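Across the two complexes that follow, chain A remains constant while its partner is chain B and subsequently chain C.
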Partner chain A sequence: MLRRQIPATVACLVLAIIAPFFSGYAVGVLVHLVALAIAAVGLDLIISRANMLSFSHAAFMAIGAYVSVILMRNGWEFIFAALVGIASAAIAGFLLAIPASRLSGFSFALVTFAFSAVVTGLAAGSQLISIAGGESGLSVPPGKLFGLNLFNPHTLFYMALVLLLATMLVCTTLIYSRTGRAFRTMKESEAVAVALGVNVAGMKIGVFALSAGIAGVGGVVLSQALGAISAPTFSLEQSTILVAAVTVGGLGRSLGPLVGITIFVLLPEIFQGLQDYSALVFAAVFVVTLIVAPNGVVGLVTSFPSSVRQILARKGEGPGGFGTQTPSLSSDNSSKVAS
Partner chain B sequence: MNVAVQAAVSGLTLGALYGLFALTVVVLWRTAGLVNFAQGSMATLSAFIAYFLLIPLGLPLWVMFLLSLLIGAVLGAVIYTVVLLPRSTGDHYNELFRTMGLSLFIVAFVQRSWGSGEPYPFPSLIGSGSVDVLGFRVQWLQLLTLVIALVLTFAFAAFLRTPRIGLTMRAVASDREVSTILGVRVRFVIMIAWLIVGAIGAAIALLFTPLYSLSSDLMEPFLLKGFAAALLGGLSSFRGAIIAGLIVGVMDAEVAVFLGPEWRDVASFILLLGVLLIRPSGIFGQANTVRV
Partner chain C sequence: MTGSILDVRQASVHFGGVVAVDEVNLAVGAGSTHAIIGPNGAGKTTLLNAISGLVPLSGGEVLFEGAPLNKLRARQRARLGVVRTFQNPALIDALTVRENIQVGLYTQTKSSSFEEALGLPRALRREREARARADAVLEELRIPVEGSTPVGALPLGLRKAVDIARAWVAKPKLLLLDEPTAGLDESEIGEIESALARVKGEISVVVIAHHLDFVMRLADEVTVLEFGRVIANGPPTEVRSDPAVIAAYIGAADDD
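Our next item is the complex of A and B:
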């Protein structure tokens, strides 16, 4: 089970080791990246495991960010403000999922789409201007955690990295637990899952709330990294970009969300010279990846060696091809069933 | 009371457009099994193409309107061919993501070419005169929008009853696999659906510009309300889409008058969630029964 975590953990450790040599700006970009990656890990969980498509994860990030910032501006300690912010995001996800869990995939996606539009509308609108700051947004008071100043980008980066690893650990544990197996049954056939006594609606609501809470964690980290928050940071477009990053990276693969977010955060940095075109390049990369590599970049890379091996095996004797199958989640599943 | 009726009249106009938008969503859902997230941006793009291609020609406005429908249809066909056909895996999420990427692309393209949110003066299809109906003031433009929306809806309903294309479209909608076996060219039918969707999209954008103004975020209100109307109507019912669109439009206008315009989106969302809580398949949708 923990083997699944290794590539991502190694990637995080490498980042942690080289981070002190980076300038403040570069680390700032990295924190931004990690904050989005946390939300992306949560998003990947519901898309690839529970088959629920969400276009509202930037909205949950907004709820986490806005609630924690508003509380901190009222004199709360960072840690308590952050916890309440994350809980608010999870509760919002819970409430949204109650009516939505009865819908089919596309209808659910459309409801989350609408939710995202409403949340950003409220954040920028005049209804809540006295608390949420309207169009101009809010400045973020620098947080302190156990005496460490989060205003320092390096400190913030290490906190974000720890949170990312913890998030991935939680998700992996869930996937390999009894609940995770129930999700796999549910994904194959909801009717079978119901017949086996799985509380399908309850599980969907629960995992969606968890995923929304994780997005809230990402939102809190992002608000600290940005120093000021406003509605466009968490717009519907951002939600779409999160979904895009997760798919381009590769759904259901532990490195997928990280690779996807890295591509989508670094592309604009790399193409800074062609500022005007960066959004175009970005969208084109997304569409072309979907056509060329439907399993995402990670899927493409991991399937590449196995396809080479299959070709080699085909040249040799017949049964030799047996051992060349790539280990996958399904093999783990079948062994559980057999025992 | 007077104010409420006046608001309802303008709400009906807007609602007819929401309904048309929902209709396009339903058309693609029933034929291709796809929700097209690029619906709004495609419409915006056709309006911009119409603005820069057709207005310099100085054509009569109704000719321009018809030509724009053609442009929209061609755009729909091109998008289907370029974005959705290559290496189509039959994976619905993959197709959905492709339309999403396309939407990001079109928005980026429009913003880069013609500025983000910059307004362009689009000539109105009809003067700004108004007429009194039963003592209430109705602008000609509103009346015309309503009429065109209804004509398009009925034309589409009639089209679906034509023996050749209409029937095969309904066949594909009801069962894709069986129609393939029976020799229906599914791709051809889906292509027709994209042509229709593109044309209606262009019509919506052109009818909406005089109410709003041509800019990169022209179709933004439709993202919430158009899709909400499609869901409220049940995602598979043409009649439901139009009626739900009118309901959303009227509620929008009434909320704007009585609570303030900033509450419109929230109200539509609450209506959507409330209806789905009671009837997950929408007002006119049929409940999905899954056979094991």
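Our next item is the complex of A and C:
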């Protein structure tokens, strides 16, 4: 199970090793990337394993960010403010999922879409202006964690990286646990899951709340990276980019969220001159990836060696092919199917 | 019936104006194998769905060990020991045979999702126990496949066998099998039959099947449905010679 985590762990280690050689600005971009990757890991969990398409994950990031920042501005220590912010995002996910878990597919996605609009509307609107700062948003007090100043981009980066690794580890452990198998069965067929004793509605609510909480972690990290937060940072567009990123990276692949977010964070950096056309670039990347690599960039790369092996094997075997014999139930125990 | 584990009394299921199951009575003895047969559209799967709680009854009642099930949801019935399989097994292709069978132990594994997500010792211990139990069931049913084989690589016969193992692993009191032989060749049907014969008498089984020889060899009692109604009920030899059954079912098969 944990070996599936090796590629992502190696990627994080590489980032950790090269980070000291980067400028403050570049590390700031990396923190931004890691914060979004954390939220993307949570989003990938529900899309790829539980078939729940969410357009509200930037809104959960907003809840984590706004709650922690508001508490810090009221004198709370960063660690406690962050924990309450993350819990708030999880609770919001829990409350949203209670009615939404009765829906599926397109209807579920629409509800999350509406939720996102409500959250960003509240954050930017005049109703909560005294708390959330309206359109101008809030400045973020620099946090301190165990005596370390998170205002330092390198310190913040390493904290973010540890959180990303921990999040990926928790998600992988869960996916291959009893609970994970249950919600993966639910994805295949809710009737089968129910008939095996799984509380499908409870499972959906639980996994969605966890996913929202993880997005909240991303939100807290992002708020520290930006130094100021406002509603557009967590807009519906951001939620859509998260969905696009996990799809482009490769749904259900441990490296998928990180690779997808890297592509979508680095693209604007690379195409700075095309600001007005950035949406076109995003759309083009999304469409081309879906056509060329339906299993995402990671899926394409990981399937490449086996495709080459198959082509080489076909050449070696001739037109007859190989390995076409499938195991039969009628064979005896001595001819067990090899794994 | 005295000693029956399942009593279906005057059970009806209506879908709008369509009567799928019409006042069906059925009694399954403890430890017996009860087959339900009938032509396509006779209401067999709908009856199984009603027993397992996936569709509500429009009338009548279902008693399990003497207690009514009507107000219990499907997952609550599963926790009581009423477990079923499906025509389409809906296994998780990305997981191994062992992991798929472990899903059947969902209700019996005592660890929380929190413990599992953090990989705490109790969750890991329970996981090891579940893995061993899944392997033991593969041996018990003599399913010729390694536990570590990805399910996506299996042919239909083995998928059906893994589906039965997934239901069997929880040691249910009543096992409902929906068309376990559909789409299988003779040798695969023979293997499914052997697996069920090995555990016969240990639990009660209700099985829907089209394959008459399979039913006649395996079942202690057979109920025949046509247009949602029971047209015959009794021991296999008796049912096979029933003129109504010959006309409605066997005759139709001969016509084919």
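The rule is short, and it goes like this: the second predicted complex is superposed on the first by the 314 of 339 C-alpha atoms of A that agree within 3 Å, B and C clash if a C-alpha of one lies under 4 Å from a C-alpha of the other, contacts with A are read in each partner's own complex, and residues count from 1 in each chain.
The rule is short, and it goes like this: a contact is a pair of C-beta atoms (placed from the backbone, for glycine too) under 8 Å apart; a residue touches a chain by one contact, two chains touch by 3 or more.
No experiment lies behind these values; they were computed from the predicted model shown.
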| item | value |
| --- | --- |
| Partner chain(s) touched by A:Gln127 [first = chain B, second = chain C, both, neither] | first |
| Partner chain(s) touched by A:Leu174 [first = chain B, second = chain C, both, neither] | second |
| Touched partner set for A:Thr240, first chain B, second chain C, both or neither | first |
| Partner chain in contact with A:Arg184 - chain B first, chain C second, else both or neither | second |
| Partner chain(s) touched by A:Val192 [first = chain B, second = chain C, both, neither] | both |
| Shared contact residues on chain A - chain B and chain C | 189, 191-192, 195 |
| Partner chain B, residues of chain A touching it in the complex | 47, 53, 98-100, 102-107, 109-111, 113-115, 117-118, 121-122, 125-127, 189-192, 195, 236-237, 240-241, 243-244, 247, 276-277, 279-280, 282-284, 286-287, 290-292, 294 |
| Residue ranges of chain B touching chain A (in the complex, touch as defined) | 29, 35, 37, 83, 86-87, 89, 91-94, 96-98, 100-105, 107-109, 111-112, 223-224, 227-228, 230-231, 235, 262-263, 265-266, 268-269, 272-273, 276-277, 280, 288, 290, 292 |
| Chain A partner contacts - residues on chain C that touch it in the complex | 52-54, 73-75, 78-79, 83-84, 86, 88-92, 94-96, 99-100, 102-107, 109, 111, 113, 116-119, 123, 126-127, 130, 142-150, 153-155, 157-158, 161, 166-167, 170, 184-185, 187-188, 190-192 |
| Residues on chain A engaged by chain C in the complex (per definition of touch) | 170-171, 173-174, 176-182, 184-185, 188-189, 191-192, 194-200, 206, 210, 252, 326-333, 335-339 |
